[in-house]
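These notes concern the structure reproduced below.
The letters A, B, C and D name the chains in turn, as written, and every chain counts its residues from 1.
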Amino acid sequence: MQELQELAKKLLSEGRVQVVIGYEAGAHGVRPAFVTDAADCGRLIFDPRCVHNLAVYLSPRRSPVKRLGKPAVVVKGCDAKAVAGLLRESQIKRDDVVLIGVRCSGVLADPRSGATLTGETVADKCILCDLHEPTLVDHLVGELRPPLPDMPRVSRRDLMLERISAMSPAERWAFWQAEFSRCTRCYACRQTCPLCFCEQCVADKSQPQWLETSPHPRGNLAWHVIRAMHLAGRCVDCGECERACPAEIPLGLLYRKVAQIVEARFKHRPTEDPEVPSPIGKYSLDDEQEFIL
Amino acid sequence: MNIYQPHLARVEELVEETPDTRTLRLTFKDPRVAEQFTFKAGQFAEYSVFGAGECTFCIASPPTRRDYVECSFKTVGKVTTALRGVNVGDTIGLRGPYGNWFPLDQMSGKNVVFIAGGIGLAPVRCVIWNVLDEREKYKDVTIIYGARSVSDLVYKRELEQWAGRSDVKLWQTVDPGGETPEWKGEIGFVPTIVEKAAPSAKDTFAVVCGPPIMIKFTLPVLQKLGFPDENIYTTLENRMKCGLGKCGRCNIGPVYVCKDGPVFTAAQLKALPAEY
Amino acid sequence: MSETYLTTSNLLGLAGDLLTAGTQVIAPAQDAEPLVGPPQSGPRVAYRVIRKPEEMALEAGMPANSLKEFFLPSTEPLLKWRYQKNDVELKEVETTFQPRVVLGARPCDSAALEILDRVMGWDYRDELWFGRREATTVVNLACPGEDDLCFCTTVGSGPDSVRGADMLLVPSGDGYFVEVLTPKGEALVTAHRERFSQVEKGRAEAEQFRKEAKAKVDRNLNASPERIAGWLAGHFEHPFWDKLALQCHGCGACAAVCPTCHCFDIVDEPEGVLGGTRRRNWDTCQTSKFTVHASGHNPRTNQNVRFRQRIMHKFFIYPERFEQVLCTGCGRCARVCPGGMDLLDVLAELEELAGTEATPSKGAA
Amino acid sequence: MSTATTAQQKPQAEPLADPGLKPGVAEGFEPKIIAFVCNWCTYTGADLAGTSRIQMAPNVRMIRLPCTGRIDPLFVIKAFERGADGVIVSGCHPADCHYAVGNYHARRRFAIFRDLLEFLGIEPDRLTFSWVSASEGKKWSEVVNDATQRVKKLGPFAAYQSLVDK
């Protein structure tokens, strides 16, 4: 923690950045912090409650943040993959941001619970994590703790996906209809997603009105299908959409499934290498086409 | 009938005002509605193109003419694009009237100066005709109207009528570069022409409508001419959905434009936060 | 109006009687275990229409949703149209509703109904809102104080508030001390006389419960809405607003769970070629789309001013207009915010500003 | 310059679906199938099928697009929303795309889309993908007949059509 605070202080006082975007402990839990004064760096923390993917604040559309000046941002492995996504898709330039990588052994599924990090309380994405030490970064701080002794071997989502795959189409339909029925189209999933950076979302376009904005089952299904398609091969599994959803729709399940489809078909996994093209942005002559007559 | 239910109205006539602006003349399908529908100059309505939605415009015809209701619109968004596809004989929806109005009672016995830019003439036209239909009630009537170019002037037939009247002083202007060889009016921005026309502020009300930039530069001119802010009226157009003070969209600070407006004095406007 | 007592088993029985009689019952209920979350996060508790009395989960914590959706649904038809050549046929929606009962409403949720009555009845009466209001009997359950994000006592409500309720249950012994508040409440008791005790009892225990709950919530926030409103009136422009919303994502999660956020959109949705439905949907001032004109002009260009609008509407605009704070202190917005925006923090800061800055900088009317 | 006018006739949209469609397997159910096809291969192939007078099921309404690469999954969703029981997406064979690679991109997108819809509980038989060249009139008729048969077997897409009460 001290290492992080000192680095932030150095970056700010040397004028290399004008704001450090990190985490601080608020009165009711950890929240994103925007430190612009070197004297305030003592606020910065990093612990298993720091679930937020701060890469979302790098979007060029975040004008209040952008106005603060050049940022340094604290990134976990999963967050670094999101930064790579922004680089890959030309949303930001590498030189316009300083990346402070933190070694991460996992974060809490429910950061407000006050629980300690165990195999029970760990976020599902961390069970699948392949990047505890981001390398896309300019600085790497913190220390890697030993793996959790009771870390589950299999992701809870993957187990659930197996169960869903075993269902009949009608059962799967009923399952997702029940989940989507709670959606009120608040778009928290979209707004917290670092890769949902479109200037104008297709859901906000009215000429033509492709997506119905009403949160009825028809509109909700279309929204979630199309968002999943737009994130296919781009989602980095940071879990923010699911965390943000006030209706507790298991969006992580949907996006994990899409990731599985993409990996099975195109051998692509989310990566922090911005040079690896997005699987949906390229093609191969030998792509499987067993489904095409 | 619940408050969101529109009346059905038939499109009786279409007038192409400019390449992107049209005026529709509407009559209510239900004679009882036609009988009961009354409004005051400055009020607005919600017009429906079923399938595209509702949009908000002032009523552009004067309340002194009760056989029909007119609206003028510029094709910019989804609903106005759909409205452009509407033909004579088609049915659209209309609910209203909503909001407040210009204080014609106060203006009676006084001079009135109308200043408008572009499509901003629509709400002003409603007041102009109201005043002209009861011409004896008012003293001098001055109209200063400008648009970007000659082809952007709306209500051209009526401008000709006003120009021909001895009891109306009409100044027409187009922005520099917007004139045609035949153009006989002024050339210059509306605030400049207001300065040139220099209407007397004594016992005079001003009604100003147009793009925000025009209003911004016209108000100081009027001030210089001696108009107190309380005698300058304008209308605001915020995005609205319900028009009924419910949907929360048209707030400017503590003001609901749909209920407390759309007509405001310059004095009221100055007290508002700059969120319009 | 009157007081009585209801045992826990009689409350279940009452729910059963109502259901048997075909009355819709809305109550906090538990959904299945979370599908993928960690086990300790537990089942989701939410108000919903129940089918069996046992589904009620009155002690399982604060429902994730507010009661709002049962009076102002997240989407509802306003009318249906159908084209016939040049003509249009309109079908009105029904504005009368079947009777129903809410059992176990949180006081912060029922209070919102009373608050929203003002805007819904202001000048034009929203028949869809009042149709549902009139058809619904609201039975409040006094709340023990959920957690450190509750601040109902600060905004003119309280864990045992009866605002918007027809009846109040206060936990006492193995049941509830009952206050019957309105003719609708009286009618419910009369219709189910046998479920309610003939003798008044449990008052002392109920008093104790209420006192403790109030004390618990009182600790969470020290602020005065009146003083804050006074400050807000004169500080539309202030550096406070500039840094406030940095972490705000501009999503509508806060508005979606808020019992008092009532802004809505109206959309036309064609179904088939000739017909379709006009619907009203929840909307929120937190999105850029909310105020953007068709021309592209947007009076609220960035998130700071959008968040300011949220605060202004709740703590200045609405009180100014309707003499009610547009907030019931339920704390849901702070619980769900993915950016960690914390309304209690904001109010505490505003309270401090109001205390230190007596003179307005730039006035709003 | 102002002209009072009765304005020009606006073009009437071709009906996508009968608004009165009732869910539930009906006797002699004839599915509505929307085909999104590319301009260069499949559309021409279908044209050939027509001019060659090849008999095929009359259940398919075609929507012509420049390329399969232009066919957004949104189109498919919209077709279902407006009452389609099945959808066909068809374009040029690999290596034959008029725009060189549009169909390769489409192939990736639709592979994911198809698997995703299956995961959400939509029977894969409601979606048909094919490569039909300009010379394959016969193949087009087979694709149409095959898709129609499979959708017939599944019945009307009542699940989708009942998502919002009419």
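Just so we're on the same page, a residue touches a chain if its C-beta (ideal position, glycine included) is under 8 Å from a C-beta of that chain, and two chains touch if they have at least 3 such contacts.
Since this is a predicted model, take the numbers as computed values, not measurements.
When the interfaces C-D and A-C are ranked by C-beta pairs in contact, the top one is A-C. Legend note: the chain whose CA centroid lies nearest the centroid of all displayed protein CA atoms is C.
Averaging C-alpha coordinates per chain places the centre of chain B 47 Å away from that of chain D.
Chain C and chain D have Cα centroids separated by 45 Å.
Centre-to-centre spacing of chain A and chain C amounts to 31 Å, using the average Cα coordinate of each chain. One inter-chain figure worth recording: chain B and chain C are separated by 39 Å, centre to centre, where each centre is the mean of the chain's CA atoms. Taken residue by residue, chain C touches two or more other chains at 265, 267, whereas all remaining positions touch fewer.
The residues of chain D that reach two or more other chains are 164, listed in rising order. Among all residues of chain A, those that touch two or more other chains are 212, 216, 219. On chain C, the positions that touch chain A within their shared complex are 34-41, 44, 64-65, 69, 74-75, 148-149, 242-243, 245-247, 249-253, 255-257, 265, 267, 269, 279, 281-282, 284, 287, 289, 301-304, 334-336, 338-342, 344-345.
Across the complex, chain B meets chain A through its residues 77-78, 81. Listed in rising order, the residues of chain A touching chain B in the complex are 206-207, 209. Touching chain D in their complex are the following residues of chain A: 164-165, 167, 169-177, 202, 210-212, 216-219, 221-222, 225-226, 228-229, 232-233, 254, 257-258, 261-262, 265-266, 279-280, 283-285, 287-289, 291-293.
On the side of chain A, the complex with chain C involves touching residues 26-32, 34, 52, 56-57, 62-65, 68, 109-110, 112-113, 115, 120-124, 156-157, 160, 184-188, 190-192, 204, 212-216, 219, 240, 243-248, 250, 252-253.
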